[in-house]
Structures are given as C-alpha cells and as structure tokens.
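Both complexes below contain subunit A, partnered by subunit B and then by subunit C.
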Partner chain A sequence: MFGLFNKKQKQHQEALPEWHSELGESQQRWFTFLEKLEAKMEEFAAAAIPELKQLLQEDDDLYKRTFHRVYSGVNGQIQNIRNKARDTYEEKIIDVYHYYSSQISVLSPYHNLVSDFRNVCSDRYNDFEDKSEYWRNEIEKTQERDLEIEYQKILSEFEAVKNKFNCTQCGGGLTIDRIFLIETYISCPYCKTQNTFSPSTQARNLQNIARNLAEQRTAHLKKDFEVENSKERELYHQIHELELSKIHQSDKKILSEIQSKIADLEEQRQSAIQNAPKLHQHYLRAMYDEWNKITPDLKEHNEKMYQNQLRYL
Partner chain B sequence: MFKKLFGSLTGDNKPENQNYEAQSTNNDNQTDYEDTYQEVEYDPETLHGTHYSVEDFDNEVAERAEAWIADERASGENLDEKDIQNIYFNYRRAVYTEWNNCDSDQMIRFEHANSLKYTGVQTSGFVKVEDNNPFLEPVHGVDLRTYTAMCLKISAGIDYLEVCRAMGLEPAVWEELNTIWPQRMGEDTSFTVTTLFGQYYAENVTVPQLENLNAEVSEEGAANLERMKTDRYFYEELAGARQAAYEYGIDGAQWILDNFGINLADFQSVAMQWMTEQNQNWNSEDIIRFSDYQQEKQKEYAAKFAAEQGGNVADDVNF
Partner chain C sequence: MEEKKVNSFLDKLKEKAKSQSHYGGDSEITEAKMQLKDCPNCGAGRAKQDGLTHCAYCGFEFLSVKLTDGVYIKKEDNSL
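Take a look at the complex of A and B:
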C-alpha cells in the first residue's frame, strides 16, 4: 500500500509540467536579485548615515540647506532601488503569474503551483520592503538634532546683548525685555522715541525651532498616547481570535471561559477607546504649554491652533 | 500628481492597486455611463442639475442618511461625529450620481463646487468669500491680495527691502504682516485665507506700487514661462525634471532657474494655475495621462542626472 502510494507520488512529481521549472528559476532569480539589492542598500545607507550626521553638524546655514540637499539625494537613491525592485516585481513576477494563471485552469491539480509562486515571491518582496523601510527610518533619524543646545545658545546670546541697546535719539538705555522674533518698535523710556529693534538671525530662528523643541520635551507623553491608541486594534484582533476559536468548541465549560476572556478584553478595549483621546489631549496641552513658554509672543496664535486641533481629536 | 496624492492619502504605495483604480475608473466611464448618458443641465454655480431644487436634494440626502444612522444605532453601533459625516458624504455622492445620471468626474466637480457648504473647507478654483470675514481684514492697511503681490515679488528674487520701499512700508511692518497673514492661514479651518492666497498667487496678482519692480528674466526664460502656462505637457516635463533633480541631491528650483530661466515664484504660480484648472474641469483620464507623462519625464531626467553622477548605486544589479 505504502509502496503504491510512493510510486504514485513519484509519478506525480515526474509529471510536473515543464513551466514549473521555469517558475522555480524565476523565483530563484528573484530571491538572488533582492538579496543583492538589499546588500547594496545596506552598504549605501551605512556609509551615508555618518556622513549625513557630520554634514548636519557642520552646516552653518540656518536652514541647513546643504544637509537637506544631500539628504534628499540619499533618499533618492534608496527610492531608486525600491523602484527597481517594484518594476522588476511587476514584470518578472506578477506578469508571469497572470500569464500562467490565465493559461492553467483552476481545476488543474497544478494550479496551486502558480499561486504558490506568487505567494512566495510576494512574501520575499514584503521582506525587502520592510528592510527598505528600516533604512529609510534610520536615514530620517539623521535629521534629529538636540534643540536644547541651540536654545541655550539663543538664551545666552540674549543675556549678553539685552542691556546693550541705546536710544538712537537721546542715547538712553533701552530695555529689551524678551526675545523678539521679528523687527519690533521699542519706545525709549526717556524721550519716547520709537526705536526699531532688529533681532539677530539666531534669535529669529527661535520661531522655527520652538515647536520642535516643545515636542522633544514632551515626546514621552506622545509615546503614552500612541501606546494607548494602538491598544484598540490589538485587543480587537485578540478578541477576533477568541471568537474564531469558539466555532469548533462544544465544551460548555471552555466556551464560557472563552466568553469571559472576551468580555474582559472588550472591557479593556472600551477603556482604551475612552482613554486614548484623553491622553492625546493631555500631550497636546503639555506640548503647547512648553511651546508657549519658549515663545510667549506666539501664545495667542498657538492657543487658537490648539483649539482647532481639539476639534479633530 | 494624482497617483501620488492617492498613494499618500491611503498610505498605500503598491502600484498594483493604483493600476486597479485607474482601470476601474476607465471601465466605469465606458460601460456604466456611456450607454445610458442623458444630457443634464447644470447650474453653473452649484453644479446641481436644474431639474430639481437644492432643497429637495439636501432633504433626500438627509432622509436616507438619517434612516441609515437610526438603523445602525438600533443595532447597537456607536456612531461618532466622523461616522455621521461619512454617512452624509456617501449619500450625497449616491443621490447626486443617481439624480443626474452622471459619471464620477462630474460628481467630483460637484463636490469641489460645494466643498465649503458641505464640508466647511474651500477648494481652489471654487473659493466663496463672505463679506466681513475677520480673517480677511487688512493688516496695517495691507489686504491679502496686496500681501500676495509682495510675496510674489520676494519669491521671484527681489530683496524684501526693495519691495517694502516700493510699498512705502517700514520693514518692521512687513515682518508683522508676514507673521500675521501666515498665522491666519493656520487658524482658519475653512482654508479660505490659504486658498485665496493660492488663487492670487496663480493669477500672479500685482498692485500699482509694485508694477515697476520686476525680477530679471532672460528672453529665453520669458519664452519658457509663457510656454509653461499654455502647454500642460511642458509644465509636467519641468515639474518632473525638478523632482528628479531633488532626488539626485540638486536644488531643483535653482536648476530650473539655471536651465530654463524660470524663477520659483513664476514656477509655483503656474503650478497653482494648473491645479486650479484641474479642480474646475476635473477629468480623471486627463489627470492620469498628465501624471503618467510627468513620471515618464521624471525618469528621463533621472537617467540624465544619474549619468552625470556616474550612475545609481544599484545599476549593476540585474534580475
């Protein structure tokens, strides 16, 4: 009996259609191709990341334009590799799959070989995309800079210069009571002449870094929100799994255990749905408070922006 | 452009889906609507069919939406504000398509024309402005149109101090304008300020005080600019080239100026102009055709830049 079975299977294998080896070859090529692309990508990214970091340090331009130009070029190359993989996937995998799946009847015992080919290749492609995403994130991180250092520089500059301005009319000392972000009229306390105070380039830049600095300082609260916010989907999937497990279960005791687990998870899920927006608001409030501390002149505007944002929570 | 927008909105960059979308739109046009098409007269302002009243339309949508909402609630669903808005949105589409027997392009044009009424957001090319909008109050006597005219001059490369002098404004006043107008753009949830700014930008507005203040444009640059305004394909080519330049670490805006003599302000102005035109005459076939053309050109220029830089990182990897 067993011998017969083996024989049959052997026959079956021998009878595999010739296109099967063609698919196998394509699959092999596809795997090798992606491996090579991944190696290129890794080599390129690993070399580019330290260079980008150094460039950001050395770029004296307020807007870091040189850095951004190179950064964009680095991303361009990563994208180029991804496009190459995508185009090849379409041409060498998907088109081939469509060709054979239209040629081979779904009733044929070999039809599943065609869909297996596609599935295996597309799984491999997803792995490649995950790796690309990883490198994209690593490259993105090179933009991060410690804004506290820049903020401290602005503060110490302000301390050093704030008492050094005199009225253009009477020469009396002018009080610069806070960091101005734009040119501002300051009236002389002695002769009442309007003087134009022009902040330094560095001080003006406070406006550009203030929000990011506030976000850096409140990043932990944002994280809390994100963790809570992702619970809903996770719990939903857990519940779904349990619901499925009930289908072939007839033991009443086990069923009731599952049911109580589901109820418990559902309660957690509902509480996450309630909590997430609260944590979001908590984060936003803290972030805007921080921001207002850094640039009090923008408070009125920022509060309006905060109110607008609350409406979309 | 359309594909990119679609990709970013759905967070889905898989080309397979894009092709599917494109195909299904074409099929819709050909099979569902062509045979049964009837001439419908549309109100030029609201783009509603003239064979019914707007009130009837709104009532019908409300009736169907409320019935669905009641049904959902009866079966224990929690509906929040966003769900309800979505339900109304979908029924608006359904009723409009049904009552006017129209294709999806006409439906989108209708949505653009009514975006402020139904979603509280302006659409470029269909801006509706009410009197006494506090966001549009002039700042230090400078209204949004004049502010836009100043911005255009500055982004064309003219020193802001020169622009201030021509306007008779102290630089400090300009800095305040340049703070308050952008702040209003941020605060205005209907996007009226932003959209109107874009519209003025597309029109390349100017005011008498600034008329004699012009950025230096070469003869060739002027000719290219004119061509970009009238030849959509040429615009798409330059947009693709600019994008390709950035991907090769080149300042794309500067590259356009160096090679075609068109400055950033003029380029953005024409871009806005085409976007407005596209919104007003929404046609998915055209949009896809132009977007494909831009991508094709982007590839061509990318190959050129790559050759100049000694190739791409993975050029030697082959299937």
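Take a look at the complex of A and C:
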C-alpha cells in the first residue's frame, strides 16, 4: 500500500555513492601497504634472529653489552615499521573515516559503508599488530641463555677457591663458607686477623643472574598461572557469544539449552577468577624460594619484596 | 636486492655496536683474592674482636663511618 515498503528496496537499487569507490581504493591501498610492511618486517626479523643468537654466544663482555646494542637496534627498526603503520592508519583511515562520517548523515542508508570501511581496515591493522607482536616476542627470545650453565661455572669456581686461601698474617688456612657477593672480612681462626676477601667477577655476577635463574626454574608454574589467568576473558567472550545468540531465538528448548551452557561456563569462569591469584601466589612463592636458595644472603631483602608483591596480586 | 639491503643494514648495525666503547668502560674480569690491611700507623694486625673501624692499639681510624647492620657487616663490628 502506497509503496511504503518498497522504499528500502528502491534505495538499494540506486547506484552506490561516488565516495564508495574512493573508500574502496583507500582500503586496497592500506591492505597492500600493510602487506609490504609485513613482508619487510618478516624478512628483517628472520635475518636478525640468527645473527642475534650468534652475537650472544660470541660477546665476551660480562654484561653482553655489544649484544644488547644490536638487540636495541633491531627492536628499534621493528618499532619504526610499527610507527609507520600506526601513523598511516591514523592519517589514511581514521581521519578519512571521521571526515566521511561527519559528511554523511547517520540516517543515510550508506552510513554503514563508512563504518564498514573503518572496521575492515582496523581488523587488518590488528592482524598486522599481532604479527609484529609475534616477531617482537621472537626477537626477545634471543636474549635467553641457559643460566644453569653459568650457575654451574660459579659453583665449580667456588669449590676450587673455598679452601685455597691462607691468612695473610699467620699463614693459617682460611675457609670461605659460602659464595660471597661483595668484598667481605674473613677472620683467621688462628690469629683472629681480619682478611679481606674479594670475590671473583664471576661470583659477584651471581646476584645478577639469580632472579632470572629462579624464574627459569619455575617457568612451568608461571605458565600454569598465565593459562588460568587468561581463561576468565576467554570464557567471558564465549558467554557473550551465547548471550547474543539468544536474541533471535524463540524456541524455548534451545533457549534453555543455551542458558544451561551459559551457567556452566559462568561457573568455570568464577572458578578461574578464584584460582588465578592462588596460582600466582604459588608461582611467586616457589620462585622466591628458588631465588633464596641461590643467594641465601639476600633472603631478608627478597622476602620484603615478596611481601610487597603479594599486596598487588 | 631486498635481502642484500637487510643484510647490509644488519652488518652496519653490528659493526657500529662492536666499535662503540662500552658505557662505564670495559668490564674487568678479576679472580678471587685475599688481602690484608695492617694498621699503617703502628703496623698492628686487625682482629675481629677489636672491631673494624679503629686500630685496637693506636686508635688509627680505618673507617670514618659508624657501621650499621648489613648483609655481611653487623653493627657489633664497630670498634668500641
């Protein structure tokens, strides 16, 4: 009647507005641009990773400073690529989106084309960010070195020196009873003279690697915590999807099935919320215990740090 | 061509990193050692029970600070 219901159909038959093709071109250009950046990033990272690994092996500086300089350079290059993508995204996508969305009325049937343009481009940009995050992680992994080997070296050096020294005053044998991290006085059991013991560079370095070594040993517990911690968001999204699927569902049987699924997922979600901090604390305790075992002299200090960390779980 | 560019960039980066001097100087690798400091004033040795800050015989001042509890040194190590 009155052709009222044909109106919508008619509008769709009309030719798409001129700017639509412009948006299409922008989108295409954006996709191609990101593809090129991704290829560049992948090529660069793939070439840099073996180089970095080799450099870490070869770097004879105590703090691996040459390696870290190259590492920073590589990261900076990746960051440059990311910045380029971000700047272009803001200029060519977001600005264009704002321009058109201010020009085109929200009542226009074509308004959603503008949002679609932005959504598709943003999704593509997120993919790009995921890929760069992946490469950043891969590059970060090149820093990892087996600290057990270094720890063993320190232990065997300690075994070699612990009975090696004599009192400089009376010549009586001195025993070094633990790995000292800084200069310390050792008193001679015979003449009571204070001898100053200077630990080797390698032994002093123990305090620098101790925490990382403890983390390396308890990495599996950290992983457990992270898995549990990420469950809450995953389950939330699953529940959200199910909630959405209810909107157009009128079949009561299906609705009740969905509802019971939601209840089940919610229960799992609540238990994840409860469990994650417990696992976190379990990990921290184990890590600090391990750390205290490696450097017992720093236990008091470490425990303060642990107590402090507990407050922010 | 592209690969060449990446490699030359990496090589340049590496070369530059190697030729740069370390901030704070080169790290020195030293072995563990034992030393002794006699009193420079009277030549007496330092015994633990006499404290670390002053010579027990002539009162020469080894350390001008008052010791507090630390990891290895305790406040009992002050000379009386």
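The rule is short, and it goes like this: the second predicted complex is superposed on the first by the 262 of 313 C-alpha atoms of A that agree within 3 Å, B and C clash if a C-alpha of one lies under 4 Å from a C-alpha of the other, contacts with A are read in each partner's own complex, and residues count from 1 in each chain.
Please note the rule applied: a contact is a pair of C-beta atoms (placed from the backbone, for glycine too) under 8 Å apart; a residue touches a chain by one contact, two chains touch by 3 or more.
Just so it is clear, the model here is predicted, and its values are computed rather than measured.
Engineer: Looking at A:K92, would you say it contacts subunit B, subunit C, both, or neither? Reply first, second, both or neither.
Structural biologist: In the superposition, A:K92 touches subunit B alone.
Engineer: Mind working out whether A:V70 is in touch with subunit B, subunit C, both or neither, as first, second, both or neither?
Structural biologist: both
Engineer: What is the contact status of A:K84 with respect to subunit B (first) and subunit C (second): first, second, both, or neither?
Structural biologist: Touch partner of A:K84: subunit B, not subunit C.
Engineer: A:F44 contacts which: subunit B (first), subunit C (second), both, neither?
Structural biologist: Both partners, subunit B and subunit C.
Engineer: Using the touch definition from the top, say if A:W19 reaches subunit B (first), subunit C (second), both or neither.
Structural biologist: neither
Engineer: Is A:L174 touching the first partner subunit B, the second partner subunit C, both, or neither of them?
Structural biologist: After superposition on chain A, A:L174 lies in contact with subunit C alone.
Engineer: Given the superposition on chain A, which partner contacts more residues in subunit A: subunit B or subunit C?
Structural biologist: Comparing touch counts on subunit A for subunit B and subunit C gives C.
Engineer: Going by the contact rule set out at the top, does A:S200 touch subunit B (first), subunit C (second), both, or neither?
Structural biologist: Second partner only, subunit C.
Engineer: Of the two partner chains, subunit B (first) and subunit C (second), which one does A:I186 touch, if any: first, second, both, or neither?
Structural biologist: In the superposition, A:I186 contacts subunit C only.
Engineer: Which parts of subunit A are in contact with subunit B and also with subunit C?
Structural biologist: The overlap between the subunit B and subunit C interfaces on subunit A comprises residues 44, 65, 69-70, 73-74, 77, 181-182, 184-185, 196.
Engineer: Under the touch definition given earlier, write down the residues of subunit C that touch subunit A in their complex.
Structural biologist: Listed in rising order, the residues of subunit C that touch subunit A are 2-3, 6-7, 9-10, 13-14, 16-18, 20, 22-23, 26-38, 45-49, 52, 71-73, 77.
Engineer: State the interface residues of subunit B toward subunit A in the complex, per the touch definition above.
Structural biologist: 15-16, 170-172, 175-176, 178-179, 183, 186-187, 189, 246-251, 302, 306, 312-314, 317-319
Engineer: Which part of subunit A faces subunit B closely enough to touch in the complex?
Structural biologist: Listed in rising order, the residues are 29-30, 33, 36-37, 40-41, 44, 65, 69-70, 72-77, 79-81, 84, 86, 88, 90, 92, 94, 181-185, 196, 301, 304-305, 308, 311.
Engineer: Where on subunit A is subunit C touching in the complex?
Structural biologist: Interface residues on subunit A, with respect to subunit C: 43-44, 47-48, 51, 55, 61-63, 65-66, 69-70, 73-74, 77, 157, 161, 164-169, 174, 180-182, 184-187, 191-203, 297-298.
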